[in-house]
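Presented sequentially are two complexes of chain A, the first with chain B as partner and the second with chain C.
Showing the complex of A and B:
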């Protein structure tokens, strides 16, 4: 079983809050504990903020993923922005082009169980999964 | 508008109004029926239709349109009431004219439609614009109200000030936090500022970044910032994100932070009652000795 649960468009700063709220509710429904809910909410916040800061428009979508023995929440952040030029730089701690902390993407990688980023000139797609234990 | 059609519409206005009211009765505002009296609905409908006809008679009066849509907003009725109302009104008018003039010509039909549209559409647009303007006004007022309770700074004791943060921190609020914090520290000559983030739902890199900056700025003007109210799950996410908060003290609760602040300003909490008891004990003991 694999199902798309929800989709939130990101174009304004307050959309970040909307996406976070949606994600937190979904995580609660799937049975994640409060610590993991906070991790998921933080992850969504980071991904959505990247969309808001660096691109015009993007989307955060939520899916339930099932493998043989485990269930998880998959969050996909897509945008049609300029793309990430140097992915390995972005994944380094402390690298930021916007004067921030530069902990966003590497932090998200540590917060979640699985992390994948694809990027080219037409946009960026970041997929993260947290498994329910 | 063709005077012939205008005359027809004016002649049959009573019939049109009646048909339109019946139509509205059937379709709209059903879910409101339970909370709104029929008289009110009828009264507003009548006002609505009079407004449209007054435009036909002697041109549009923007003020009355404005007042009317403001009324709809205040009543809490949906925008659909205006749009659907105008749509059904239009179709009834077109039908009435077509019924009165027996002409099946396509060009004639289009002409009637254009004429009626030219009459009804500006009113509709105006009403919708006014309606959304009214909503925007309400939203901006609420924004102001929200900003007012956004970043309070509470001096709790000489040299100690608390800033409790509740809710989401966006860029605007982050700016306000910094300004209020620095202003407040100078004004109240605070040596220690406690920033309480118990009510902040998510601490991501941006929020952390702003807090670090604010704390750093406070340090520059010679005071110390203590970050309090870090819940366990927030502590975990901060560590995972790799955010360095080691440059200023942090505590789990406001209580512990306050105790630390007292310590930093060379003060101590003394229990008065116990002291009294001690003195009495001493006195009793000294009496016993005698």
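Showing the complex of A and C:
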């Protein structure tokens, strides 16, 4: 059992709320408890906000993943923006180019079980997973 | 969508019961400051019992409105932050250190009274 569950385009501010509601519903259906639903929804909000702030267009997709006996939710945020120039800096707490709180990516990494970021001049792909326990 | 702000004696009471998007949060910030100005309220309780998610942007708006209100001379207490919201905020690295909080509306009003009497 594995596969794509949903895909939400991000181009307007309101899409941030739409994406996190979709993600929260999927998390609930997969059996995540309320605290992890909040972690997942918050993660989606942070990732979607980065797409909205820094790029013209991107999307958030949701997949159910299985590994041995584990089941999890994989969330992939992709955009075709300018890419992240210095990944190690954006992973520092408190770093922000937009005047926000800078909680973005390091916070997302702490919220989720797995975190991966790939970025180049053609865009950025951030993949996170939370496992059901 | 506007968040209702109620006046009770010298206090303003706000209960946020909608999913906060950016626009609503910014409007709330302005509305609250205008209402403080209009009414001369000295204390504000913002109850977050029904709020299921506070991410970095909303946290910044809330933290800012507390500082802005204090610049105007009104004390603000945030109440009812859910366990899941508290956990995600700390994971995000957001501590809201300068913000006064209380468990619920009742405790919030007590705290506000104490804060204002200290002066």
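Everything below uses one rule, namely that the second predicted complex is superposed on the first by the 133 of 133 C-alpha atoms of A that agree within 3 Å, B and C clash if a C-alpha of one lies under 4 Å from a C-alpha of the other, contacts with A are read in each partner's own complex, and residues count from 1 in each chain.
Convention: contacts are C-beta pairs under 8 Å (C-beta built on N, C-alpha and C of every residue); 3 or more make two chains touch, one makes a residue touch a chain.
Just so we're clear, the structure is a prediction, and the values are computed from it rather than from any experiment.
**Q** Classify the contacts of A:34 with the two partner chains as first (chain B alone), second (chain C alone), both, or neither.
**A** After superposition on chain A, A:34 lies in contact with both partners, chain B and chain C.
**Q** I'd like to know which partner A:5 touches here: chain B for first, chain C for second, both or neither.
**A** After superposition on chain A, A:5 lies in contact with neither partner.
**Q** With the two structures laid over each other on chain A, which partner does A:49 touch: chain B (first), chain C (second), both, or neither?
**A** both
**Q** Could you tell me which stretches of chain A are touched by chain B in one complex and by chain C in the other?
**A** Shared contact residues on chain A (touching chain B in one complex, chain C in the other): 13-14, 16-17, 20, 34-35, 37-39, 41-42, 45-46, 49, 93, 100-104, 106-108, 110-111.
**Q** Using the touch rule from the top, collect the residues of chain C that touch chain A in their complex.
**A** Touching chain A from chain C are residues 19, 21-23, 52-57, 59-60, 82-85, 87-88, 91-94.
**Q** List the residues on chain B that touch chain A in their complex, please.
**A** 168, 170-171, 201-206, 208-209, 212, 232-234, 236-237, 240-243
**Q** Once bound in the complex, which stretches of chain A touch chain C?
**A** 13-14, 16-17, 20-21, 34-35, 37-39, 41-42, 45-46, 49, 93-94, 100-104, 106-108, 110-111
**Q** Along chain A, where are the residues that touch chain B in the complex?
**A** It is residues 13-14, 16-17, 20, 34-35, 37-39, 41-42, 45-46, 49, 93, 100-104, 106-108, 110-111 of chain A that touch chain B.
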